[in-house]
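First chain A sits with chain B, and in the next complex the same chain sits with chain C.
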Partner chain A sequence: MSLFVEIILKIIIFILVLGVCAAASLFIGVADITLSDLLSGHPEAWSLVSISRIPRTMALLLAGAGMSISGVVMQQMTQNKFVAPTTAGTLEAAKMGLLAFMILLPSAGTLWKMLFAFAFTFGASIVFLTIVRKIRFRNVIFVPLVGLIFGGIIGSISTFFAVKLNIVQDTNAWMMGDFSGVLQGRYELIYLSLPATLLTYFYANKFTVIGMGEDFSKNLGLNYPAIMNIGLFCVSLTVSAVVITAGVIPFLGLIVPNVVSLLFGDNLKKTLPYVALCGSIFLLLCDILGRVAVYPYEIPIGVTVSILGAIIFLAFILWKK
Partner chain B sequence: MIEVKELSKQFGKKVVLDGIDVQFPKGKITSLIGSNGAGKSTLLSVISRLLAQDKGVVRVDEKDIHAYKNNVLSQRLSILKQSNHVRLKLTVRELVSFGRFPYSQDNLTAHDRQKVDTAIRFLDLQDIENTYIDELSGGQKQRAYMAMVVAQDTDYLLLDEPLNNLDMKHSVQIMKTLRRLANELGKTIIIVLHDINFASHYSDYILALKDGKVRYYDTTERIMNERVLEDIFGIPISIIEFNDKKICNYFN
Partner chain C sequence: MEKVTGDKAKLWIAAGALVAVIALYLFWQMGGSWQFALNLRYVKVLAILVVACCVAYSSVAFQTITHNRILTPSIMGFESVYLLIQTIVVFVYGDNTYRVLSDWGNFAISIIGMVGFAFLLYLLIYKRGKDNLYLLLLVGVVTGILFNSLSSFMQLLIDPNDFFIVQGKMFASFNKINRNLLGIASVIMLVTLYIGMRLARYLDVLALGRDQAINLGLNYNRMVQLFLALIAVLVSVSTALIGPITFLGLLVTNLTYELFRTYRHRALITACCLVTGITLLGGQFVMERLFNLSIPVSAIINFAGGLYFMYLLLRVRKI
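Presenting the complex of A and B:
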């Protein structure tokens, strides 16, 4: 029982840290908002908070948790710790979906946009998994390299069409993750990542079994293809929802799961809450840093995630050695 | 009882299993022997539905294995393959607990926990039950996987070279454990072994495969015959009797 109490305590601490970060995210920005403004019901402060700060903070929370959990699911499905949306062509596929949407149905609503991104990420993930299964030589590094090449091919096809149609600048803007444009009425699709994240937790044990390989899964009576499809669905839904709302956030799905795995192991039933919490905290911190560093301007979140992430990751690897 | 009828399997043009017809008696240990590439591992994989056959049927308790629901079959029959590449950072206890997955999926009952405890004790893993498996030696890892299958508590256990990576002490310990599982709990065990002396000491029956066909299938006593063994392995083997058990000397 004491182990159980310890886990609960740890999670409470993580939630407290998350709360502090989220509060900081609400109050940091070009316009000064203080707690007393809000408490006294200052209308301008309230409208700023509800139009911009709350959407931005919520988007960061959901994107951080969602992208990190997507990383874990992909790592379980491929049995490879270096596979994540960044290294499997998933992000490029979402971008291609957005491009296809702009070319084919430019005037349709955001729901169609979402459907396009979802369909492309889902399709690309299936192709990637098929390639991985066909590879005889399943070296740990080889699989993500194949993923990077695969992503490169998808990306170059997108660029080809973007150049032809003169929309390169728009497509490049999607590749740069940025939360400054997240406003009320324009970000709600990201809530679609929430059911996907919850579904992943519901299937946590099954995803752990998947990570032991196909033979192990079959021996334990798991419906392997069905769980793989659920995993694909969750990842595609989360990634496309995040890319549509905030653009591409690199490496999150790679760094957070690996750090959590080093600290807490790989029993997903136990570790998924940490993955989600750490993902949210990390992304909030990166965004706050980006807002503060060159105040009143902003550094795009992709840059801060890459720099901070690389430092943390290196530190962990060296420390564990 | 496990019943195999006219089982055939081809990989490309290579025939790996060629019309196998055998029945494995309940509550006994049957060793599969034969040279490399004789089809032993493939036979185990097909029986345990990890691999689909080209022709033939496998029946477990008179029912075709493909007619079973996945988790029902995994409560009756378990398999441990020879190469286990689990790269997950799980503790020994967590791994063994997954042996109860076919019964309880997510939430272990008190009964499940008791089975896990028993399995851990059976394989002598109490000291390292909270160690991550990626920190274990090859032999410890092998015992942890064995414990998982023991926790799965199936009537039929299929083991593909479980003595790989094990030193002599632990090899003997595993074989004695299997003997106890068969004698005391009535488990039916089919095991691929390379060392003929382990087969001779601990199994009731021996099935010898050659080129994908059943070459011999009989009681251990009858297989342990110099002419028979020479035919199976293609090297001269002399048999020495010691304490009523036959020991092969193949270092000629």
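Presenting the complex of A and C:
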């Protein structure tokens, strides 16, 4: 019983921290908004909050939770702690999908954009899993290396077309992870990641089992291919929704799950809430940092996350026992 | 025995093919002012040969010491360092870049930056008593991602006109080779390659695997570090001279392994140099003369190399 209370307490603490970060995200920005403005019903303050600040904060929350959980699912599917959207070519594939959309159907709606990104991420994830299955000796570090090369190949194919159409700088600009363009009416697609995240939580126990290997899961009576497909679906949906709304956010799916697993273990049913919370908190902090560092200008979150993420990840692999 | 003689014959054929491609490239549609055309063309041929030798040796040696056919040294972050340097220069100087920094200066800074980066990386891993090569690679790749994000951030802020200076550096091209640089690059390449070829027999031993190599009396870590140093120099020279061609190494080494059965590195590396030369010159010839395409040859090689490589990954049963 006391264990249960302890878990609840921990989660409450995390939620409190998240609440503080989210509140900070609502009130930090170029336009000055105070709590009293909101309470007194100041119309300008309210419209600013509802058009810009709330969408941005929601997008950060969802993207943080979604990308981190995608990382967990990919790590379970490949049984490798170093696999995540960054190291499996998933982000590059979403990029390629967007580029294909821009080239083939530039005037079609956002739904098509989403479909393109989704189809490309889904396809690339299947190819990556096929490749991983062929790797003879499953050296922990070798699998993500293959994934990075795979991503590089996808990237070079996209680059080829970008060069041909002379849109290299534009593509780079679209892809840079950045939440400053998140406004009401332009970010709602990111809510698609919510059902994917919930679905993952629903199947958490099955993903835990999948992490023990194909033979083992089949032995336990699990429908292995079906669960793998659900995982692929959730990851592709989340990643494409986030990339379309906010651009590429590297490292998140790599660091957060590893830190959580060091602290809380590997039982997904228990740890997934922590993963989601930590992901959101980390992303919010990075965004706030980007907003404050060169105030009144902004550093895109892609840069802050990359720098912090790369440093944490390097520390993680270099100091790991 | 028969196989070895077969390889020897193939080597001669490859050498013949390379000479033929060079001749074709030099003399195709010369036109009236042949001196002018020849003067332009031979510089490109020389540059291609220098790059071919750098890429061939570094990729084969790298794949041997990592025991892997799907890796190439350029993924280790060299190209990210190069791009970061180029971006910073344009970011700081804008359209004054060419006036402030001579090609010489740029070449020197790039090489020092890349080699310095590699040695820092080696120090970081080996001083910590971790001799895991894959760890070294992963750290290199992650640092590369970090540098790439920094570059793309700066590239967003650069004026679109100035960005074309950076974009010109993002893709390897043989169309703007500086003759003076070609001289120094060839000298560095030849010296490194000479040392590398003298050490090639140690690669034969390293190819047997770490345990076997140690068993045969090789100072394994020392040897690997030595080859890593040679690789760093060669990759840096090639990248600083023409720009990044990430997947060329993958493409040509695997082509070489398909064509040649030998495990002796002296022959293998020679073969790979020839294959790389033929690929690059042939690609350049087709793009430049037959299709009149303005796309840099490196973008095409990355594209074709990438596709070929995906095919290779999916076709082979085990990696």
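Rule of thumb we're sticking to: the second predicted complex is superposed on the first by the 309 of 321 C-alpha atoms of A that agree within 3 Å, B and C clash if a C-alpha of one lies under 4 Å from a C-alpha of the other, contacts with A are read in each partner's own complex, and residues count from 1 in each chain.
Here is the rule we use: contacts are C-beta pairs under 8 Å (C-beta built on N, C-alpha and C of every residue); 3 or more make two chains touch, one makes a residue touch a chain.
Because the structure is a prediction, the values reported are computed rather than measured.
*Asks:* Kindly say whether there is room for both chain B and chain C on chain A in the superposition, answering fit or clash.
*Replies:* fit
*Asks:* Contact-wise, after the overlay, does A:172 reach chain B, chain C, both or neither (first, second, both, neither)?
*Replies:* second
*Asks:* Once the shared chain is lined up, is A:46 touching chain B (first), chain C (second), both, or neither of them?
*Replies:* In the superposition, A:46 contacts neither chain B nor chain C.
*Asks:* Where does A:191 make contact in the superposed view: on chain B (first), on chain C (second), on both, or on neither?
*Replies:* The answer is neither, since A:191 touches no partner chain.
*Asks:* Identify the partner contact of A:265: answer first if only chain B is touched, second if only chain C is, both if each is, neither if none is.
*Replies:* first
*Asks:* Which partner chains sit in contact with A:205 here, chain B, chain C, both or neither? Use first/second/both/neither.
*Replies:* First partner only.
*Asks:* Using C-alpha centres in the superposed arrangement, which angle lies between chain B and chain C as seen from chain A, in steps of 10 degrees?
*Replies:* With chain A as the vertex, the angle is 90 degrees.
*Asks:* Applying the touch criterion given at the start, work out whether A:297 contacts chain B, chain C, both or neither, answering first, second, both or neither.
*Replies:* neither
*Asks:* In whole Å, what is the nearest CA distance you get between chain B and chain C after the fit?
*Replies:* The answer for the closest chain B-chain C C-alpha pair is 12 Å.
*Asks:* Residue by residue on chain A, keep only those touching chain B in one complex and chain C in the other, then list them.
*Replies:* Common interface on chain A, chain B vs chain C: nothing in common.
*Asks:* For the complex, which residues does chain A have touching chain B?
*Replies:* 79, 81, 204-206, 208-209, 211-216, 218-223, 261, 265-267, 269
*Asks:* Give every residue of chain C touching chain A within the complex, in rising order.
*Replies:* 68, 70-71, 75, 124, 128, 130, 132, 134-135, 137-139, 141-143, 145-146, 149-150, 152-153, 155-156, 160, 163, 167, 170-171, 246-247, 295-296, 299-300, 302-303, 305-307, 309-310, 313-314, 316-319
*Asks:* In the complex, go through chain A and note every residue touching chain C.
*Replies:* On the chain A side, the touching residues are 82, 86, 127, 130-131, 134-136, 139, 141-142, 144-146, 148-150, 152-154, 156-157, 159-160, 163-164, 168-169, 172-173, 175-176, 250-251, 299-300, 302-303, 306-307, 310-311, 313-314, 317-318.
*Asks:* Of all residues in chain B, which touch chain A in the complex?
*Replies:* 48-50, 70-75, 78-81, 84-91, 94, 98-99, 101-102, 105-106, 132, 152
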